[in-house]
């Protein structure tokens, strides 16, 4: 209780004095306050913008590097590996079995990634535990068939020029949600330049609105 | 410059403003809600390629074809298999919930050996060696007949292997639990002679006179019956249901004929009497009747006049005459028997009396009637090699004709009757009447081996458990039966790899036989059960393995069936309920519960009404007229000559006054919190009543009283 | 890009109560199809999640005239007054977590959007909506049978029958892949429909005269002349809907030959039923 | 609540509802801004 | 001890005495906070709500506190818009009570949702057709108004008022308070109404469903009106309780009587409208859906006709008449009885419009559903009461809440409690 008491007493004394002190030193006081304000503002804003993402996301390396550009030039297109099944569902990241259509236990190239692949996965018949940049939450139903077959879209619109990449960037996992940074987008403000920069629901809606005139029903993309 | 309060104010405001303008707030708000949308403790099922595999469900004798949806080789859903000759796409709730058995909390995960009161894990090799050792000792001691088996059924190759083991071991004591199929065979034996069974062509009949057969309560081959029943509407076929309570079948029928419990046989005979008196029978058919047709007719005219029958059964005389007329004049009438599911206690008098109605109207082996078929003999086992012990032992008489007699013999005998017992797919400690005495009998058996997949009531009594694969994990031939008109053999296939350290029971038997060495091992020269199955079903294997089933027979059998009325013509006495209380407690079969073989799944018990199970209390049904002094929804105590139970009362106008209905299938006592320790097992309250002449336990219920708790 | 498939379906169901046996297959099929959890005690039906619930009806008469019947009750997928899509629940959801799909007539429920205010449950007179009072839990290993096609729910959200929308999605995926514009009647059937061993449930597009459900129901293209809120009334005198008079416009129709069952479908003042029982349906439209 | 929200639509319902809402919020915001600014000015004028 | 904070010229009890009182009430508050924590941690399974009772005690508490908190907006409306000057003597207290009621309502709403972390969806993903959306927006906005209305009073604290900026701010806010009050009245009209709409729009629930004007069912207007009518009763009742506890007269009788008179007329008019609404509902709306009024009331259960009679006649018409007749109104005992009856009446009305709605079966084969709250629900419902007592105690002690206090208590240095 004494604390309150002190506070109250100090308060009364201080403010009694302040009336006069404040009156005379007003400008300086305000000036210092402004400086403090600006400093605190800048520090907090910058840490919120630059430091915060570093804390929010953890970086994970893929099991080994994968050269999309090389594979596209060998296989010709995306669909060879990322195909639709007969029932129209999307097979996603190919299983080891698909890789083994071309690869075998003999190391094809001379990259050390190929060696890792063969040694750790092919010979052990283990699926490669890829981190998937575009993995959506479980509540999302995304029909690749509707977009590829139905709307005739290409992969780049949503996935970007990943087919031209020669290496895999680190997977940045949101520590709270468990999702890839690519869903929210690299830009922490959520600003995007390309259609593939973000993969949030609003991005789906934007395109749907533009192309079909309607953002879509909930159940169209949720399960 | 003095750092004063304004500076701190500036600092604070600046910090707040800085954070507010930065994306932190927005992002954290969004992410925290996304976190709630993806809580790590909420499972995320893995996606992948969808395939469908067909198999056969063997949870009940219905043997429906199933289609299992698998994702990335992981079974996710069971559905009825389209165009399967038994169930054509339909499935019952228990089959659909089948995957829950795979991960059931009460599953036996590895072989177990009892040590004192507790089970200890043991390796398969040790377990087999232990079992074989015990059996070898028993055989050496010179009384191989003291080795007994309790199975769910006689049919199928796994049962065949068990039987073979017993025969080569030298024991005749191979028992099966009462099942509808066993009653069909008993009925056929009483009227048509040994080696036959019966099927009802319900889907073509135009008048079904059901003496309490729960056609939509799980009777017969359930899904097939559901479909036959549903098609009545389009076929304009009629169903009359005779039983003391308004079951679902009765409610769905064109007419419900309430009848005093246990008097169905009398009503059937009364109807026979009217048919005979009014000359409504098929004289072509009756011409060849043996066993004293005239004596039978005379007995009926004396003891079963409509008025006498009315007095016994509580069905009005006029109604008896009317029903007789409708039945006899229908184009394709069929009378069906087997109260409830047909696998509970039945009296042979009742079965025979009802079936005699079919014989009288001449619908035997006619479309829409009753098919009298030879027992299904698709299996061809090679000849056993028998040593002298086997020959001698196997020739000895069985300890009892049926399960209940075996139990009685063990309990009443001062000497040991059974030294070793195998139990497979059967839970006698739960599903036989007077479970206390069953447990007592099992307690007297020094060595019990259970082949159960689950640690159920009987498995808990075992000394060794050799856990079997569930039907999802094993291969097995599954013959239809249970009154199905067609004869179909289906193939259960392993659609999931074994979840636990279990074996196909066929393999287990072969391993035990091999470990017993000598002539027994010589009779089991298969590498595995798979090889054995392929061999013994060679005749139909192609069809089994390619289509998943083989149709052995369909349509009406061509050969005529002899009819012999000698069992009935002497008018054997009707079984009476035990005790002398004022009310009769009868078991009620509910499709959503299971009372024999397997037990109910969490999903299925979830569907059970709160008018059947409320919390941990079983709800009994009683007519408000009978419920003097009781409160609807209140607690009561039921007392029968063999036990008492605390129950909740539900007033139900659909129950005949004087009758208390208690559902079968509750009151399990093992470790599965979802289905166990809920309610009361009605078999704890009802004792067996042996029908003289047939030896069957024919207790249709028991006398009881009820009072406010 | 091609237009979305804009052909308007109106998926609905007709359940033959004379065929229904109350066996519970639909309930279990639904639960196992849709990853519905279960808990130790499910006998309190007021907190037991069963998207499809089978009610037992009785005619209230005393022995031996008592009759009973079963009435399966999935979500009614109400179209709301006048059929404009303002279902009782959809119009009240504050966060747009449930929505009327005008392309299918299916009322969606989005678990990740729902924040659990339960207003929709209060709005639904059919009690078709269920709240996840508990976190869903499966016995060890049992989560292995969960289907990826339906997202398991978390505690604190409302769920309900979706007409197995994921089956519609799957059928459309297949159709897209095969270059077809639309799906066949048998390509989209709900889990309860396919499971019903009695074949009591018929599911299909009420807008499509070729579909069986349309042929049985014969929905009236005009609003009911006595209650303008009611649309799509059946012209089959044996067909009724639950609480039709409220103007909820359910897409679940029931069929029964038994008058007492049809009367149970709605509430009537004294004498009202006798006046309309024979011109319910078709003849009420002259 | 904002035009960039998924649910936003330029229809009568939204116009009336959010029109009223934003109107009230603006009045409150403007009122408070006025009070605070004027108080600040008054404080300075005191001297 | 804390004398520097106490308004000048006001007598307050000793600080230890005050502290003991706060600690006792604080214990109740902590019990509520514990229950709240339990609910947030373990989920709504801590309640006795179920799928039939998705709305239960809490929603009732919400509706009730907002109804009785309606005194704030209505008094503000009378004071600032209709310029009834006497009411300045009670407006501060009305605002504080309103603030307590609304903050409590928001807190209860935050407990009541299954996914509190997604609560902001109601704003972000608003469905403008939902009455609950309207409630959320107007409630939050009006809470902001109340805060604005409360701030000047806080700034009038002896210490705060010494800060020139605060002094000016308070002064300026007083200057344009009419603008805020008008906004508050506008928002209140809609959220009180939309709370009525919450039940009234449920066309699947014939017990609750009402026809109405455009998209607003009659309950919309009835709720607004009843909150305005009964709110002042609650303000005056709490004033009376505060006076009793402090042993001081804080508001002059003419002010009390004036507000009571206005309230009386409002109540009477409301009750007439309510009776007309009830008759129309019972004879036209419900029968058109196939329901007799007898369907909605059980003989032996909790929801008998007594509840209807109590709500409308005993706790509606009776207080209304007491308060419009000068002789009864100016009798302190009868006036107090009228306030108590009025508050019970409005709470009962909200109870009926939430819980009875859930209890009445709609499908012909459904049954009545009854419910009793769990201790966690009760504790979290009592929490706001404890919080309210503490806040009133603190504000009364440190802020010049009652302008007439000094005048009325200048000469008598009576012993006061808390």
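Odds and ends about this structure:
Labels for the chains are A, B, C, D and E, by order of writing; each one numbers its residues from 1.
Everything below uses one rule, namely that contacts are C-beta pairs under 8 Å (C-beta built on N, C-alpha and C of every residue); 3 or more make two chains touch, one makes a residue touch a chain.
Remember, predicted model here, so these are calculated numbers, not experimental data.
When the interfaces A-B and D-E are ranked by C-beta pairs in contact, the top one is A-B. Averaging the CA coordinates per chain and comparing them to the mean over all protein CA atoms picks out C as nearest. Using the mean of the Cα atoms as each chain's centre, the chain most removed from chain B is D.
Centres computed as Cα averages put chain C at a distance of 44 Å from chain D.
Taking the mean of the C-alpha atoms as each chain's centre, chain A and chain C sit 39 Å apart.
Computed from the mean C-alpha positions, the centre of chain A lies at a distance of 46 Å from the centre of chain E. Annotation: 72 Å between the Cα-based centres of chain B and chain D. For chain E, residues that reach two or more other chains under the stated contact definition are 115, 118, 121, 125-127, 129, 133, 164. Annotation for chain C: residues touching 2 or more other chains are 44, 96-97, 111-113, 135, 148, 152, 154-156. Counting partner chains per residue, chain B shows two or more touched chains at residues 32, 35-37, 44-45, 47. The residues of chain E lying in touch with chain C in their complex are 43-45, 49-55, 112-116, 118-119, 121-122, 125-127, 129-133, 136, 198, 201-206, 287-292, 295, 357-358, 362-366, 369. Chain B makes touch with chain A in their complex at residues 1-4, 6-19, 21-24, 27-28, 30-32, 34-35, 37-38, 40, 44-45, 47, 49-50. Those residues of chain C that touch chain B in the complex are listed here as 16, 18-19, 21-25, 27-29, 31-33, 35, 38-45, 48, 50, 54, 56, 58, 61-64, 66-70, 111-112, 135-136, 138-148, 152-156, 191, 194-200.
Listed in rising order, the residues of chain E touching chain D in the complex are 123-129, 133-134, 137-138, 141, 144-145, 148, 164-166, 168-169, 171-173, 175-176, 179-180, 183, 186-187, 190. Those residues of chain B lying in contact with chain C across their complex are 36-37, 39, 41-48, 69, 71, 74-80, 87, 89-94, 96-97, 99-100, 102-105, 216, 222-223, 226-227, 229-230, 233, 246, 248, 251-252, 256, 258, 499, 591-592, 602-611, 613-616, 623-625, 653-657, 673-674, 678.
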